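Multiple structures follow.
Each of the next two complexes has chain A plus one other chain: chain B in the first, chain C in the second.
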Partner chain A sequence: MEKLIYAIVQPLTDVYAINLLLSGIPGVSETNLYALFYNDIAVVVSDGVILNEFVKKEMAIDFARVIESLSQQLTLLPVRFDSLLPSDAEATRLLSQNYTAFRNNLDNVKNKFEFGLKVLWDYEKGIEKVKINMESANENTNNCITSSSIHANYLLKKIKENKLDNALRDYIEQLKKEFVHDIAIINPEYNFNKMITANLILDGVFLVDKSKKYEFIQAVGNFKKNHTELHFLLTGPWPPYSFVVCPMV
Partner chain B sequence: MIQENIIDKSKDFTLLELLDRVLNKGVVISGDIVISIADVDLVYVGLKILLTSVETMQQRQLMMVKPNRNISN
Partner chain C sequence: MNESKILLNSVPIDDYGQAIEKMGNSVSSRINATPENADHGLAKLVITLVELIRKLMEKQAIRRVEGGTLSDNEIERLGETLMKLEMKMDEMKKLFNLTDDDLNLNLGPLGDLM
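This part shows the complex of A and B:
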């Protein structure tokens, strides 16, 4: 029977301990979880019963619940929900062939949480603020192009749009730098995506040492106080979903 | 004073964030899935894509044939 793969884990001290842990956590659709071992790592699997049913949102939530429960006891690498392998032997082969990558990633995320931070703004108000900051530059542009022909107007419009784009990018980059500076003492690993939509200007994920959880939350709180025009959505702590870099063999 | 209350705990947003992580992040194992109907292989997709399409179809209240899914060789 096909196997649903949940996570690559660094096991507890012995096989008995991890099996005891897994026996208390139901898998997707109430399947039994078990671990397959290779050297000092293991993969947590269950029978892939979802193959016989439509995939429902609740299954993805059950899957996440398993990872959340495991992460409270073990260092782990979450596996994406759609991961099925044909047999236990294939799952063990996955461990053996990617052992070094899995070990390196496990070492990287050990004793760490992930936090997510989304920064949103009111696009109309935000862009007005950016425009005010670049007004003087526009005056220079207006002075350069004195003709009022259709071509000149078109050119002027395009130059202004370009300047606005650049000013917007600069503003977001500056915001990112400011936040990174504020959390430097916590020293998290991080990744940012910028300008995802007109309203979502920054989407960051942070790998934070468990001992620095409250310092990180405090830093976000302080940053928020200094930017009342922005809206912050902080989530976590999560298992380290966004910090897995494992090219599969 | 610790400001843990700044963590967003609204149900919808947390669920969205959770699903984004479970479906799009983590170790990616390319388990190739073939969707077939009446022994004819139709589409070569991952479960993630099927999850989306099933929900979309349910929203549109379309009738659909339940496919068989197999792991390909």
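This part shows the complex of A and C:
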């Protein structure tokens, strides 16, 4: 029977302890969770379930709940929902073949939480602020085209749009640098997605030591106080979904 | 999202809704070619790539103008060329019923193409 794979974990002290933990957590569609071991790591699995399109969303939520419960007790690497292997033997082979990569990743995320931070702004107001800062640059632009023909004006408009794009990018980079500077003492690993929408200007994930959770939240709060024009959404703590880099063999 | 996971939230609900909607569009900005819509899927891919090249040309032209080495006549011709290219692209988009938001490709962890 196929096996649904949930997470690669660093087990508790012994097999009994982890099985006791798993017995208290229902798997997707009420299946039983169990662990398969290789050296000092393990993979949490259950019997595979038929992934019916109509209930897939509920199953994905169940799956996330399992990962969340496990992460309260164990250091783990979440596996993507819908990962099925043909048998227990194949699941164990996955561990043995990727042991070093799994081990390194587990060491990297040990005793750490992931936080997500989204920063939004009112695009119209924000862009006005950026425009004010680039007025002098626009004067130089006007000087490089002297003709006032329709084609020259078109080119001038494009140059101004390009300058605005660059100024916007600079503003966002500056904001990132400032935030990274403010959290430097917490020393998290982090990744920023590039600007996704006009309103969402920063979208970052941070891997923070568990002992520094409150310092991190405080740092975000202080940053927010200095940027009253921006809107913040901080979420977490999450399992380390964004910090697992395992090229699978 | 589980409310206990929200540690700090000063985002007006409308703004967040719009951002999430756009992110959804970004995720869906993949080539969705099926036997039934193969023409449209292919057209979207081709027009997206042409738009990318047009934008690169535009950037290069802007760099040359800003360099200050072009004569008025050259600036005129460059402006006319870029304007006509943009108009042509608008025609193509209309022809295949595409909007600017459609002309992008989600490259997974690398973000969007444009």
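We take it that the second predicted complex is superposed on the first by the 243 of 249 C-alpha atoms of A that agree within 3 Å, B and C clash if a C-alpha of one lies under 4 Å from a C-alpha of the other, contacts with A are read in each partner's own complex, and residues count from 1 in each chain.
Rule of thumb we're sticking to: a contact is a pair of C-beta atoms (placed from the backbone, for glycine too) under 8 Å apart; a residue touches a chain by one contact, two chains touch by 3 or more.
All of these numbers come straight from a predicted model, not from anything done at the bench.
K.L.:
Have a look at where A:L94 lands relative to chain B and chain C in the superposition and call it first, second, both or neither.
P.N.:
A:L94: touches chain B, not chain C.
K.L.:
Classify the contacts of A:L120 with the two partner chains as first (chain B alone), second (chain C alone), both, or neither.
P.N.:
second
K.L.:
State whether A:R80 touches chain B only (first), chain C only (second), both chains, or neither.
P.N.:
In the superposition, A:R80 touches chain B alone.
K.L.:
Using the superposition on chain A described above, determine whether A:V244 touches chain B (first), chain C (second), both, or neither.
P.N.:
first
K.L.:
Which of the two partners, first being chain B and second being chain C, lies in contact with A:V220: first, second, both, or neither?
P.N.:
Both partners.
K.L.:
Report for A:G236: first if it touches chain B alone, second if chain C alone, otherwise both or neither.
P.N.:
A:G236 sits against chain B and chain C alike.
K.L.:
Jot down the residues of chain A that show up as touching in both complexes, chain B in one and chain C in the other.
P.N.:
After superposing on chain A, chain A residues 217, 220-221, 224, 232-236, 238 contact both chain B and chain C.
K.L.:
Going by the contact rule at the top, pick out the chain A residues touching chain C in the complex.
P.N.:
The touching residues are 115, 118, 120, 122, 141, 144-147, 149-155, 158-159, 162, 193-194, 196-200, 217, 220-221, 224, 231-238.
K.L.:
Using the touch definition up top, name the residues of chain A that touch chain B in the complex.
P.N.:
Residues 2, 5, 8, 50-51, 54-57, 60-61, 63-64, 67, 77-86, 94, 116, 214, 217-218, 220-221, 224, 232-236, 238, 241-242, 244, 246, 248 of chain A touch chain B in their complex.
K.L.:
Quick check on the complex: what are the chain C residues that touch chain A?
P.N.:
1, 5-12, 15-16, 18-19, 22-23, 26, 58-59, 61-62, 65-66, 68, 72, 75-80, 82-83, 111-112
K.L.:
Can you list the chain B residues touching chain A in their complex?
P.N.:
Going through chain B, the ones touching chain A are 2-4, 6-8, 13-15, 17-19, 21-31, 33, 46-48, 50-51, 54-55, 66, 69-71.
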